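Right after this note come the structures.
One chain, chain A, appears in both complexes that follow, with chain B as partner in the first and chain C in the second.
On to the complex of A and B.
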């Protein structure tokens, strides 16, 4: 027996063990790739080949069904965390010229006491997104909408780059000693409220979330109330409405005062 | 050349043991395959039947995960499809409403990073992976409220990320579905 080669069809041990192993593999494949998928009616498989492809994980684009269209304008900006993070001098220069018309409300240095948002040092992606949303009508303002309507995509990028380039200026109500309210530091996990700073820059920045330090109390409160009531809906997939809805009037007041006092 | 008579008793014992061990390992493999099939069929684990993709950056622009298409939809055959997204740091819709004792297809994806999708009091526990659609056939036994926390660390605001699932009576749901095409229980 020891003279026979081990890997040979004449060795019954070899033949039987390989045969059984292959048999188990084929059986498992038939069960896993064909039989089990076909047992699941909700997969709506069109046949054996479809079952094999599905079970093997061949990706496919989601089936387009008749989606319900929104009855209001939603933001069409594609946000990424790298968006507009590398400004060039030409863009900033063009933006500086274009921004002269913004100075009446937003201040010559991007800061004003007019309860309009301070733009100096704002993330470029934020200024760009809001301008774009004003232009498409996803966000509505009697003052801003006509301005944005006249701007090209490049204009909006340039203005955003210019304001991002300007240094942040604290408001007249700067008070760094003011204690941070609980909702800013820890959020309210029991009500689906993450800490404000987890998106708005103090801890981490989520693309599209503005820097809030030094913004006017009136402005912050008005926006939170508009998100909560649904009057403002340009936050992509309700990311801010979900949070503002859960905030109490007292919390809205606290965060507005807190952020105004921040640099 | 070895002959039959040369076989020692030791060789026969070795062959017998070899055969038994081989049989045992094949039985083990068979049991494992059978177990995987059994728990798959009985939904103790819920392996997804197909891989569907969706671009996380453009979910809000078109397709089935646009804001106005999220929520619960009742099909003509009475089955329900729920669509939701997870994002830093909330689920939309924030409150999902579904009928009890009805086949439900849960479809969800992520708009940014990996999130968890767990419905307390049920065996629904999966992940929302950006780029891929999570699709689960589920059924809720009785009306009641469940919490739906994100159970996968998704960033510094993770602990604040959770939603609600409201299971309502079948007929109550049908009445609601007659009035509106996509249902949620967000107040």
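On to the complex of A and C.
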């Protein structure tokens, strides 16, 4: 029923529609990739080709400024969700032997009566990261640091695998009926505090966030205060420091008791 | 002539059951995050619910409507039985099973990634597999529509394809190509990570692929509504369609420019260059054109109907329209919501203004007004119009229908106007908890409460809608006359081949995609430093 074949220059529909589409495309490309970028002096473009590359999103070498180095050590561990999630029996066995030295403080079953943190059932990635940070000096403890200093990378992985393999043991103050404080469940958005449970479990678990259930009140409070004061600063991107600084003393007390009472 | 009534009815029923369930979730979401809720709840449930609500309302519900309506259009407008009935049933079951497969991990809390997937968050693989099944089911429909179109054209070389079928195939082609973006994202980027084969993901590239789908999917939702405007509304009010060619041009424009503009959803993303964003903005401006054409044509068609009934005066004719007719009412209310929503859309599409509303509740208010309001109210109208022809029984609870439509309109305004407003005040979207006791956000409490009340009005309207349909299933037997579509004022005997085929428009659609998406995608694929570790949700709880 046609007069001219559709894909032919003699069909006006073809010429007009292709012409308009191409025209708009070319015009928007010229304006967006050349004209507008060149109008912006702060981009410091060297010419048309540079403008096109910049506007098209080609990565440009950043101006080399001397980065300000912190005057303390930061953690050099890169956390991923897959990290150390697959343990093998040999590793666990080696870890069990190595862990004998740790038992005086962390307990023979990885559960401590002396306010040293419990390690039984802790995620392997967490134990590994903390040991690494003690070793590099990113986390400082007069008690712990010397033990970590002597450990090889494989040692740390093995111990981590062993403790992850041990079952968690609840504290004497276990009380699963204890209502969760608001900051654990909903956080405090206006102070930029996400719910603790969104990283530390119950809601979700994010890589590198330690299991807190059963940890002693004294330990939890000490760590939160250390994060808040900056005495502990091995948390990547200040995840915990930003939170702890915003918490009230009362909230710190509440969460410490809450987590101690959890399995 | 509707032959495969059970097929069509199954699509509509499943769509509306999914809609009803998701509506309850929507109202619950509105309530729990409002000041009306005074107790603490696990916020994880909120994200499960939003994922389920968004996936059901965004993927399953409109897809089933488009499919069911598409089959109805094929049989009614071409006047012959659908070719490929078995395949159509296979597509239906794929969608149904896919929806269930996707919803199981979501309800278990293993895939609270929201319907936009949000990589580097990665959930349970079955969620994505379910979504892919829904899409593949719909692709069967796309293929069937094209096949029926081609067969009919071959058998009727001298007749123009009926407008309803032409528009329907336009929607199919648009969807077929649009869904490719999200399919590539799921198959090549997300699923390998979800299945544990890789542990890093290029989140930027994934978002670019998703934007390929994200804008044009809204036109896929919209097309049944526009088909109803053009081909049901004028007939239902006893008038004629003002212009057949104008209608075809609108649908063609959707095919060509709806897709290569998705980067306007990435204005705040660093991985796409500013110049590329500008190009997409320009084409985004163009896509307002078909909507303006449509509003003009539909108003002109209404005027024709009114003047045929004796309507007088420059504006007086509006009073003479058949307002008690549910289709009339639905279309008018739909156009009002489209107007408000469109005005908001102009703000979203401008680079600078968008920065102030980006990721605030303004956005959710906006898409609920356009999609939940303007579009879905016409889905109701389509169902009301088709029902007697599908069930063979009278659908005559007109009072109930009018109440339902008014409630939907009022509920939508009460919900979305304050929803926009709190967005301007800076209320972020996709958060489960707001501390209204804090003086900084206490002024938002009233508006959020209003929205929640609007949500309950919508729920009421939804219940009423289902009641009307159920009553329709048990009404008095009454073989309705053959289903027909609106006739244009001037029935063209011959139309230009360009307005009767899709070859040229498909070529332009694909060509523009290459121009607008080619470079960003190629560049992100070439860069190796853009991968980040995946964040598995719900894995170690």
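Here is the rule we go by: the second predicted complex is superposed on the first by the 229 of 263 C-alpha atoms of A that agree within 3 Å, B and C clash if a C-alpha of one lies under 4 Å from a C-alpha of the other, contacts with A are read in each partner's own complex, and residues count from 1 in each chain.
In this text, a residue touches a chain if its C-beta (ideal position, glycine included) is under 8 Å from a C-beta of that chain, and two chains touch if they have at least 3 such contacts.
Please read all numbers here as calculations on a predicted model, not as lab measurements.
Contacts of A:245 after superposition on the shared chain: chain B is touched, whereas chain C is not.
In the superposed pair of complexes, A:136 makes contact with neither chain B nor chain C. Of the two partner chains placed by the overlay, only chain C lies in contact with A:205; chain B stays clear of it. Look at A:52: by the touch rule set out above, it reaches chain C but stays clear of chain B.
With both structures placed on the common chain, the touch criterion links A:61 to chain B but leaves chain C unconnected.
With both structures placed on the common chain, the touch criterion links A:182 to chain C but leaves chain B unconnected. Look at A:195: by the touch rule set out above, it reaches both chain B and chain C. Within the superposed three-chain model, A:71 lies in touch with chain B and out of touch with chain C [touch as defined at top].
With both structures placed on the common chain, the touch criterion links A:24 to chain B and to chain C.
Common to the chain B and chain C interfaces on chain A are residues 1-3, 13, 17, 24, 27-28, 31-32, 36-37, 54-55, 57-59, 79-80, 187-189, 195, 198, 203-204, 206.
Chain A makes touch with chain B in their complex at residues 1-3, 13, 17, 20, 24, 27-28, 31-32, 36-37, 39-40, 42-43, 54-55, 57-65, 67-71, 74-76, 78-80, 187-189, 192-195, 197-199, 203-204, 206, 236-239, 242-243, 245.
Residues 1-2, 11, 18, 22, 26, 29-30, 33, 36-37, 40-41, 49-54, 57-70, 85, 87-94, 103, 105, 111-112, 132-133, 137, 155-163, 181-182, 186-187 of chain B touch chain A in their complex.
The touching residues of chain C, when paired with chain A in their complex, are 40-44, 157-160, 199-200, 256, 271-279, 282-283, 286, 431-435, 438, 440-441, 494-501, 503-505, 508, 511-512, 515-516, 519-520, 523, 527, 533-541. Residues of chain A touching chain C in their complex: 1-3, 5-7, 11, 13-14, 17-18, 21, 24-25, 27-29, 31-33, 36-37, 52, 54-59, 79-82, 123, 180, 182, 185-190, 195, 198, 201-207.
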